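Note that the chains take the letters A, B, C and D in the order they are written out, and that residue 1 is the start of every chain.
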């Protein structure tokens, strides 16, 4: 479980070409991708001549005034973006799509991921006279594009992206073209779909489902798709690299009903739960999940173990994100605002509590106490992913290493901190085996946050943490 | 399932006496009772001399500016109210607590329920010179109190309530007393708790849990509890009547982790699900629920039937309440905004879809299509309550009879409308038997909306539907 | 000059009968009457069957969302009200029109003035079972009307108003009648106009001018006009009394382009200025006004004295009403935020500074320093009204007597406090003489705040100050 | 008079170095400069290490939440900007200060004026790889600075500004320096002041008065002042040019109590009025002004002509800027919402109506009718500036030539359109003579909008109109 105070950077992108309701479809797509970014939302829409845009803070429904703002944005092609923020100083200047004028006219871009060599690029571009309004990766890419001597936009974009390293699934909108690119290792997902004659791009297929678009395939690692009035073309402008799909998409990020990397994330969550039950069986009465993200894994654990699945925690969906902090004496109420234990289910039961991951463990510590307080006789914590021990440089804002409980603490100590009767994590081997067995053939996974085995060495890891996706 | 467009009137009340953080506790209590009323929220707080109040439209967190407004309300005793609206013309004038000055000073009241003889009372009071600012039941009660010749406030309140009929769980706050009353039949719940030296009252015990208050007992049907500096006293000022607890509290209203009428609602939901499986077995592969309200019933169905429970529908919790209506061509997207089918779970499966109730059936009709669209081979709808055939006059705003699909349509026709392969409702007998078997001894249930068997004949049923709780 | 921190209670009322754009006309009328009340605005509109209303805090343009809210209010008859608040705890519950249901249906009322015997009425009505939601005079009147046994609404209203004493210009709207009444002494103004076939009522004629309505006459002291589908009828239901028009309307309240009490207020302001010059001549270079309210009096002073009129102070019209208080070290900037001295005009000049009145004198003290700081060699303060020594019980919220600088301080001491070279007030005799000479024949004036000579003895003066107009 | 629908681009800038309350002083300064820009406001504040900024739409008091936002901005040096918009698509992206990172760290800038050669600069910079987020002149300057090879910031700024032409009074803030520059012709004003040990810069001296800062002198045409911990230094990095102060600052823009170009604008307004009376005498009873901007000129006309000055029009200061357009049938009310004629003053009088300028003449046409409607027997319009016949390319957004009534219409035709009995404009010669006679020695004026005599030929006049100040 990702606690509220451990918010991570992860974004959602969308694109559509060829539908007169492009803005409205983008609104629906972003709405479906809400879980990938809740700080701000924006879209840029072109009518073939001019790009208009709207960006605002807040959830998708708020950012577009419950849909009203969409009506002003006319055109048949669009890109959109939901953003998750890492810092308290978030403001609308950092909202995407980022839009500029350059020598070939207007260009908008929206980006999911993180570059690992922007520090050096940034310095060298400033030295030669560039100015920057944000610290965003997107702005750096736009500078590189503007400086390219290639003759057409796809060429300029390829030229620019060949100079950056790291993780990106990125969409571009010019007045007449929609372009989507995925980095050579394919860290982050990007899917291609079709809605009548229109082409759509999205981080996850749930954005297709909401508009009844058909899933075609994923954009491949290292692929650039160019969509314009001549149709859709595919290029592979980068050197080939070892695939490294972010396995956390399957563990937590992607919506359970979404396909990413060619497969349903729901299936993996269940399989991780089954594998977890095999690796860490326990004699217990019921299996419950930390809702909603761990529910499928808990069902898998239940199936494999034969222990009954129950709804032992109710999540309060009215919790506002900007809830005023209770004062010191009320601190203990915090977790109660969000989760309600069901006494009738928990009393005198030996409980397996399944969660998807642990970052700092503070909320899980409180949940274990809450469950015991509701009468559970034993609480066995099971985590459907391995211990997170290393920071991510590819677009997920985990805490710095010092804040990852598993980076410096052994499992037994974590168990003691949580106050659990037992604690079991999915093994890296079990996770990778499951990924290989049920994933699309040929997909390789990035396990850096668990294993420390980084596919791309970041130029400056501290610096990276300051930059935004 | 209650569809969004079939919003019902149902309210939540709270009271506390004897804690210097009375306003803050009321805020927490109302927050926990959010599911009972989302249109407006208000509280009145007394410091022993003066009552201050705040009422506003919106969710609890919004209504109090995320808690900030609470700081201005000083005192050790308070009442609060969340309101659900029936009409589009809702405004803050109708928000509760309702507060007035009368011959004994200030008096505030908050009310859950509905009176059935207010039309006549209203007319007769107007004839003798009363003026009314709202059509609220609460205002009528306050007029009756003000006209009473009894010598103390509890006596005046008893005098007033003896003149009204119907359903009420109601709290009053004077400058120095907190008073809670439940109607003689006990239609609506009201619980009594203790937090250190303070006494608390709430519609459901989830309001106690959030503040770690201890559940003491329910306020009994016909009981008045008076709490002041002399402690807590109990009176039974009304003629005894047959108990008639609203069984819909167990079917849908109460939060699963709450006690109402002395028992956990979660337990009933599961038992209704088991009973439903006994009454309407079917050969199928998986059981899924319409989330979140029908999940526990679906688990019960799964247990009893041995058919595996699965998460087949994901509910989108970001759906704003004031979402702008998609235009005609987008109408089909509506249900997709709220529910996402999990293809990996549903494809080629024979599905039992459990819901808690059907009012008009429009959303369920769309859900069945959505589930089939995700590849389900069969969809068997099971409803964990009997067909709703009659309007409620005791505080639930079901549609007028013409809009209740079951009031004029046989089950087979409803099945056809829903497009389901089969449809089974829990029987009235099965529901009542379950209620008797698992409920607190001595509790009787109102089943009027299913059976038409009204415990109190409304003076004017049409008129009733116009009045607000 | 009335300083910002000495806000007074004074309201504006409007009514129209017989125009399908009644709501829009009321909006325009209230807009023109904005200066009479800036805290809240409201209107009630009847289509002959049903009264709908809207009330909100803020300026007229804000209160109706820049006019948008007006479109929902359909009907051919309406009343409206702008309110000035006396207290910090102002809220929308106190906004008018006040609307209730009583035995004859709906009734709305809007009121300018203050009753002087409401304390006793209030108590006696509570004793017989009435409840009150506000401390407003209007609510008391509505109770009296509801208790009347007269057979028609005009009779009931007359019956009610015969029981109250004090100052009122009040309008009522039932589903089918517009009724306007002025108290027997005619403290506050009320004008009657005509717009095509429609009849209009307003506190001042500027509300007629904005809609090109024709001024017909003032509603007379003690007159009730009843306007309905049978036309307009006039009644005099009260005992005759000595006329006592509030001369402060001419000194400060009424807009200079308005007629009140049958004459242009602008004319009086100029005449007061001339009289002031006669009574308090001085050898000086220029005459300047505290803008905008004292400008006409300053022109009068200039004409009579022959001393040149100049614009020596510029008023900053962007000052928000809710400006956050500068901290202690910035206190000295306060008056600079509002008034800017014109150095080129003031330097080395002997200045006559004309203001319309002094309440506490704090702002005038700062202005004198500001003018000296801009280089004026002498500052002679001239006030176009007599010293205010007594509180008003008829609808103007002057400070309690202790806060009126003139109630306890001699003119010479006030001069010293202001730091002026000389100080001259208009004499009561000069003011009344001017009023008689230029006013409509037969109008008598209330001079109570200057002379202490109260036309109606307030039942309880302290109590009165707590009640709102 | 500038009508509301003829809004012009004109901005206000402010800067302060050396006061720990820099943000608060900037807030006060911008507040005093509110009349120069009402669309948006922003400030950037440095604590010597880091620049923080806040920009928002709306009036100064709104943009900073009535001052609250100022508290977060810590530092001892700051710049601020109020912006007037030309287009409906105004948004916060265009609000200033504009802030970027470049090779020397952070840099913020705020600008009043307009460049005349940005089209070519823009194109050439894009060709060499620059990207632009806005069409603002400020962004172009920042690009030029970032590309400069000079060794220090003042040198880089001088280098950049040597490449642009046109009108600018511009301030820059780095982490450690405050720099102010005025273009070589000095089109727009910029004043230097002192507040204790701190230095202040502002478009007009009214920003100094509000904080009791002392006026030191104007920044000279072509001067750059650099303020940092070493004190204040002055440079003249540009080739000398003929001075060309915008005489419209004296006619209309500058606040009457402000000094610009070294002299009080009030003095000029009065002198223009006297000159106007000499050039266009008329036999009349009273002189009135279109308030508030023409009042001083009207006083001058009155003095010179001996005709009595009167307040004949009252301006309604409650008019919201975003007032909803009355529908067609209400169009005639528009001017009545803003101006109220004083009948007692106007009836049967021969009126001289003084205004400061005419752009399209639509409002003046309505005002003449309003004044006649109030009973004036004659209306003689006198304009205290010459006919505006040519567009301005130096920062004032007059209409395109086709919309300037005087560009294509003779005075007699304008008189007929206005419905005036006579019409007289101040002559160019009279205006310039007055400017020379009363202005600071050595100041030359730009009269291009009257004479067509442009000091700097715009590279592309049409293009210019698209760019923003």
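To be clear about the criterion, contacts are C-beta pairs under 8 Å (C-beta built on N, C-alpha and C of every residue); 3 or more make two chains touch, one makes a residue touch a chain.
These figures come from a predicted structure and were not determined experimentally.
Considering the contact criterion stated above, no chain is in touch with chain A and with chain B alike. When the contact pairs of A-D are set against those of C-D, B-C or A-B, over half line up by residue number only for B-C. Rounded to whole angstrom units, the spacing between the C-alpha centres of chain A and chain C is 61. Note: centroid distance chain B to chain C, computed from Cα atoms, is 49 Å. Look at where the CA atoms of chain C average out and do the same for chain D: the two points lie 37 Å apart.
According to the touch criterion at the top of this document, the contacting chain pairs are A-B, A-D, B-C, C-D. Put simply, chain A touches chain D in their complex at residues 92, 99-103, 126-127, 129-133, 135, 142-143, 146-148. Looking at the complex, you find that chain C touches chain D at residues 24, 28, 31-32, 34-35, 38, 59-62, 66-68, 206, 209-212, 255-257, 264, 266-267, 292, 295-296, 299, 303, 308-311, 314, 316-320, 322-324, 326, 330, 332-333, 336-337, 340-345.
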